[in-house]
Structures are given as C-alpha cells and as structure tokens.
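Could you have a look at this structure, given as structure tokens, before my questions?
Chain IDs A, B, C and D follow the sequence of writing; residue 1 opens each chain.
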Amino acid sequence: MISIRRNKLTLIWLLLCALTVASYLAATKLEGATYFVSAPITTGVLIAALIKSRFVMHHFMELRAAPSWLGGICDGWLVVLFGVIFVVYWSAI
Amino acid sequence: MSATMMDVSARLASAMPTPAPKAHIQYRRNSKLDQWICFWSIPVFYVFFGLVFVCLTRTMPPPSANVSQAGAISFFQSVAGVTNTHIGFALLVFSLGFYAMNNALVVVQMKRMEGVSQAMAYAYIVVLSLGALPGCMFIAIVYSVAAMRPDRDPQLVSMLYDMGMLSYVGSLGCFVAQYVVFVIAVLLDKRRIFPKWIAYFSIWVIFTEILAGPIFAFKTGPFAWDGAISFWLGTVVWVFWQFSFTICLYKAIKRQPLDEVVPA
Amino acid sequence: MTSTVHTAPPAGAATAVVSERAEPKSARHLPGEASMWAFVIGDLVIFSVYFTIYMLYRIWNHQMFLESQQQLSQTLGLLNTLLLLTSSWFVALSVQLARAGEIARAARLIVGGSACGLAFVVVKAFEWSDKVGQDFVFTTNDFFMFYYMLTGVHLLHVFLGLGILLFMWRELGTAAQPRVAMLETGATYWHMVDLLWLIIYALVYLMR
Amino acid sequence: MRTKDQTISLWLAPVTAAVLLLAFCLFRGFLPPLSPAMSAEAVASFYKENAGWIRLSMVIMNLWGIMLIPFYMVIVIQMKRMATPSHVFAYAYLGAASGGGALLALANLFWLMAAFRPDRGAELIQLLNDLGWMTFTAPIGMIVAQNVTLALAILMDARPQPVFPRWVAHYSIVTGILIAPGALAMVYQSGPFAWDGLFAFWIRNSAFALYIAVMFFVVRAAIRQQAVEEGVPA
C-alpha cells in the first residue's frame, strides 16, 4: 500500500502551496493598499511561478521519468516564455 | 475510359476471394478514383481561396475594424477601382463548389470508422453546408454589392463593410460544431482512420474559434476582427490544422483497402 | 460490413502500451499518449502567445492595469490556485496508485480531484458575478478584457478537463484492468490546466 | 417498397417547377429583369408600385421554392445506387444542394424585405434589391458543383446497365457551363453578364429550367429501373 503522507508528491504539493501563499503575501501585504509598479514583487512572484511550473511539469506530469527530449522541450518552453515575460516587463521600467 | 475501368474491375473481381452477392457490387471496388478527384479539389479550392481573399479582394488579412465611413468607402474604391473585388468574389462563388467535394470526402472516410455511428458523418456535412453561407458566401455577396456602388449613402457602405467582415471572421458556430463532431468521431473510432493527434489539434482550433467571439464587441486591440488573437493567432492555428488534416486525409484514403465496402 | 472487421487493429494501441508498462522497466517512459503531449505543447505555445500579447498591452498602459488589478479579489485568486494545486496532487497520486494496482483508492482520489476542480468553477463563477455586479465587464478596459479572456479560456479547459476526469473515474470504476496509459493521458491534460493557471495567476493577479 | 417516396418526390419536381414559374411571371421584376443601372429612386418607385405583386410572387417562391430539395435527394439516392468506387459524389451533391437551397431562400427574403416598407429611403430599397439580385444570380458554385459531381458519378458508374445514361453526364456539364457565367454578375453592371443580361439572366435561368425538366424524365427512368431490379412495382 502506497502511503500518501510519506510520498514525494505530497512534499511537492506542500512546497507548491507554500510558494503560492508566499507570493500571495508578498504581493498583497508588503507594500500597502495601493498597487504600484514594483520590480522586486514582480520578479519574486514570477520566479515563484517559474519554480512552481517546473515542479508541476517535472513531478506531476512526470517529466523527470520521461524521455529527455520531452523534458528538454518543456524546459525550453519555460525558459522562452518567462524570458519573454521578463524582457517585456523590464523593457518598460 | 469506362471500358478500361470495367476491364480493371473485372480483373480485380476475379482476383478477389469473396464472392460478390450482386453483379454490380464488384465493379465499385475497383479504384479510389472518385475519392482522389475530391482530394485534389482541396488544394485547388484553397489556392482559389488564398488568391481571392489574400491577393484580389484584400480581405485577408482583414482591413481595419476601426474605420470611419469614409474609410470604408475608400476601401471599396481603392480595391474595387481595379475590379479586384468583383473578379475575386466571382471566382470565389465559382470555386465554392469544390468545398462541397472536400467535405463529402471527409464524410466517406468518417463512414469507414468503427465504433461511431454515421450520425457524426452526417452532422459533419450538414454543418459545413450550412457554414458555407455565413462563413464564405455572405461576404462575397455583400462586398460585391458594396463595391458595385461605392457612391451609395456612406452609412450603407460602412454597414456593408461591417456585415461582410463580421460574417466572414465571426461565423463561428458552424465550424465549432464541425470540429466537435470530428473530435468525437476520431476519438471513438476504433479503426484509427484518422490519428488521435488530429483530434487533439482540432481542440486548439475550437478554442481559437471561441476567442474570435469577442470581435463583435471590439473595434481595436487583440480582439478586433483584424486583431492579434481573434484573427492572427486563430488563422495561424487553423492553417496549421488544415495542413495536418489534409495530410491525414491523404493517408486515410491511401490506406483504404481497395476491396473495402464502406457502409451506405 | 464484415470485410471491415479484419482490417481493424487486433486490440488497440493503448493496451499494447499497458502490457509494456506492466513489466519492470528501467528505461525512460513517456507518460500517456505521445499525441496528448503534442496537444499539450501546442496548447502551451498558443497560451504563450496570449501571455506575450497580454504583457505588451500591460506595459503600454501599466498604471491602468495596476489600478484595475486592484479591483480583483486576491483571496479568491489564492483560493482557486490552492484548489487546482490540490486537485492536481490528487490526480497525480491517483495515477501512482493505479499503477500499483490500488484501483479503489485511485478512484477515490479522482473523485477528490474532480471535487476540487468543481470547487474551482464555483469560485470562478462567484468571482465573475461579483465583478460583473461591480460593473467590471469584458469591455470595461483592456485589463478586464484580458482578465475575462484568459480566465475564460482557461475555464473552458477546466470544463474539458472535468469531462476527462469523469472518463478516468469510469475507467477505474468499470474496467477490469484499467488502462494506465489512458489515465496518464488524462492526468497530463489536467496538470497542464493547473500549470496554465499558475502562470495566469502570477500574470493577472500578482505581478505589479 | 423503396421507390414510392422517390416517385412522389419526383412528381413534386414538376409541381415545384410550375409554382416557381408562376412566381417568376408574377414578379414584375423578372420580365424583364430589373437593370442594375436603375437609379435608387426608380427602384424605390418600382417597389412602391408593384408591392402587392412582389409580395404575392415572393411569398409563393418562399413557400414552395425549396420543394425542389426532395427531387435532388432522389438524385442522391440514385447516385448511391451507381457502381462508383465510393459514394463521395453523392454526398458532395447533397451538400451542394443544401447550400444552394439556402441561397435561394435568402435572395427571396431580401426581395420581400424590400417590398415590406417601400416608403423607406430609396437608397435602402435599392440596397435590399441589390442584395436580392446578387444572391439570386451570382453564387452559382453550388449548382455547378451539383452538376459536375453528378456528371463524374455517371461517368464512373461501372454498372452494365448504368443508372443514368451517359449523355446525362455531358448534358449536366453543358448546363453547368451555361449557368457558370452567373458569377460574372459580380463583375459587370451592364452588358450580357450583368444580372439582367443575356448570359447571367436569360441563358442561366432557362438552362436551369430545361435541366430540371430533362432530369425529371431521366430520374423517372432510373426509379423504374430500380423498381424492376428490386422487384417492386414503381
């Protein structure tokens, strides 16, 4: 019988939730009531999102056990997408 | 021509182990000539389609959705001045007949599927016969009428301009229904007449079709009828799909055994 | 009619994959069907185009986006993210259990995953109706246009995913030997829905 | 017993043809056809003066024009009897027939709308009139496709006793060629290819009418042949 409590997936899930709550707190509690342009917050939540995406792909979608070309494509996609997002964001600040 | 066909069929019939119940049935098993004719009507149709919409009438990529009445008039005058709109749409209404042949081909292949009733095949041809009118024919009629008299009341020219583009880019339901019917049939088909991935690709097209819905609410931005999401992304995905689909269709006909009897 | 039968593949490709999986194998294994992965990658590319266009419109009118963003309910956004993460976790566990032959537990986890997915839909419906009640609609401004479009097209993916989860549940409940490849295929789709939401959440709700 | 409905549908064709001919004669805009060169005021006053006749004729066409479809479907059924490699042409014919029917219904509605409130602005009446004529005359692709697919199916029919005789194929093609210049009504506003011209109106419509008349006899023979083959009284 596979244990859910002592399972790597559960650990990953806890990490994902922790990162989510942390980004939520960072975005809503750090800088007062009015939203304004904030590169540190943006960078933080985007990096958190990148890590979370990678976790979901790697562990939930089981890319860690998949043929490496598929993992390569998916990691490449993440790099390109977040690269574009960062470049667009930073180009405006 | 008929003599050679009967000759071939007779040879094939004698080579076949199964006895045919009726004399005429053995003749129909001799070739896939009719399907190949219909298949090659697909590139012919899309060459016409591209020629008409991209080169002649300049409706693809679409003219701006954010134009004044004067802008609409000048669109028809500039393009219509050289009678391109007229000739383009005359070619289109002529070539639309090929479209019926394309769709019939898909029906025949869908009827070969196993584990799917023929309801999906019939639904496919009905939604596309319907869709040809709002999706293709209507802009041809409306734009020829507009280009015919650009000196009409500017309000009317502007209305015709909108009517044409909204029907051409915004006729969604018939095509969503086409893809949904196709996805259901392909995924349930036990014979894999079409590969599963073309069904999955069709799901992209469904989503991009849905995202053309907002063209009725926006005149500028990504959701205008000439917008980045509603038009450009949707068109790129659709062109990719159409290529893949045509290849799948080609392979499906190619793989069909000569002696196979497709259910009537 | 009968002549068509013998041309059909003997048992279907999916079962072949299962029997391959049943024997212990150290080699790397593609979870689910390759065609689903083609779909997932294409869908991710399509969404990347949406995200890029969103980012461009955002920097072109940064202040307005921030002001509009402030009208969103951050709590509901957080709740929905946690719901989808939990749902994904359930489904991932379910596939793991199904592979080990614990079919009943796997089926229960699928039910849990679907319940979280449904809760996501309910929260989303509540959030949308709340926004519409405050007169923030699709045409209000560019931010709300993207907000409704991105969350809306994602919601359609959720609906499709809930349908797929239903099929997975049926497979676990009725099939004598559930096809693991089919479960993996469905789970891959569902995790993609989760993945897309994580990015939408960061782009639409959180970033400043 | 599979030919009775076909025989009834077959006889619906001359009835429909008669009704369409009646509507055609009652619509003052057909004999002679309205010219695209007419000014907006002339078109508006035409609709004002003839509103009653236009409504009568177009309502008749509205009610009975689509009744040609059962006849077309008999042709589809006969095409499926042919010993062609597949039924692909029959389905193409079916799809094209439904597309063509939708266009006739739409053209008819434009004319009826123009006649509904003839005291509307002249430009609006002219617009509806233009739309009606363009929809009626120009989109010939569907009819041509019907004729071409039927012709191809007949040519490939490998039965020793073909369902339709081979000359029907050639005749269908010729009719298709005679109808095709209707599309040029989108290009020309005057001359033989305008919607009131020799080719786009007179030849196109007469070729179509004659074709339906000839096909009536051809289809009747095919149904009889089917009845004999299946041992059923026609």
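Methods note: contacts are C-beta pairs under 8 Å (C-beta built on N, C-alpha and C of every residue); 3 or more make two chains touch, one makes a residue touch a chain.
Values in this document were obtained by computation on a predicted structure and should not be read as measured data.
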Geometric centre: closest chain by C-alpha means: B
Approximate Å spacing (C-alpha centroids) for the pair chain C, chain D: 50
Whole-Å gap separating chain A and chain B, where each centre is the average of the chain's CA atoms: 41
Approximate Å spacing (C-alpha centroids) for the pair chain B, chain D: 23
Centre distance in Å when chain A and chain D are each reduced to the mean of their C-alpha atoms: 62
Contacts with two or more other chains, residues of chain A listed in rising order: none
Two or more partner chains touched - positions in chain B: none
Set of chain C residues in contact with two or more other chains: none
Touching chain combinations (by label order): A-C, B-C, B-D
Residue ranges of chain B in contact with chain D within the complex: 1-2, 5-6, 9, 23-25, 27-35, 37-38, 83, 86-87, 89-101, 103-105, 107-108, 125-126, 128-130, 132-133, 137, 140-142, 144-145, 148-149, 152-153, 156, 160, 262, 264
Residues of chain D touching chain B in the complex: 36, 80, 82-96, 98-99, 102-103, 106, 121, 123-124, 126-127, 130-131, 134-135, 138-142, 144-146, 148-149, 152-153, 155-156, 158-160, 166, 180, 183-189
Chain A contact footprint on chain C (complex, rising order): 28-31, 37, 41, 44-45, 48, 51-52, 55-56, 59, 62, 66-67, 69-70, 74, 77-78, 81-82, 85-86, 88-89, 91-93, 96-97, 100, 102, 184, 187-188, 191-192, 194-195, 198-199, 201-203, 205-208
Chain C-facing residues of chain A, complex: 1-2, 4, 7, 9-10, 12-13, 16-17, 20-21, 23-24, 26-28, 31, 34-38, 41-42, 45-46, 48-49, 52-53, 56-57, 59-62, 65-68, 70, 73-74, 77, 80-81, 84-85, 88-89, 91-92
Chain B residues within the chain C interface of the complex: 18, 112, 114, 190-192, 195-197, 200-201, 203-204, 207-208, 210-211, 214, 217-218, 221-223, 228-229, 233, 237, 257, 259-261, 263
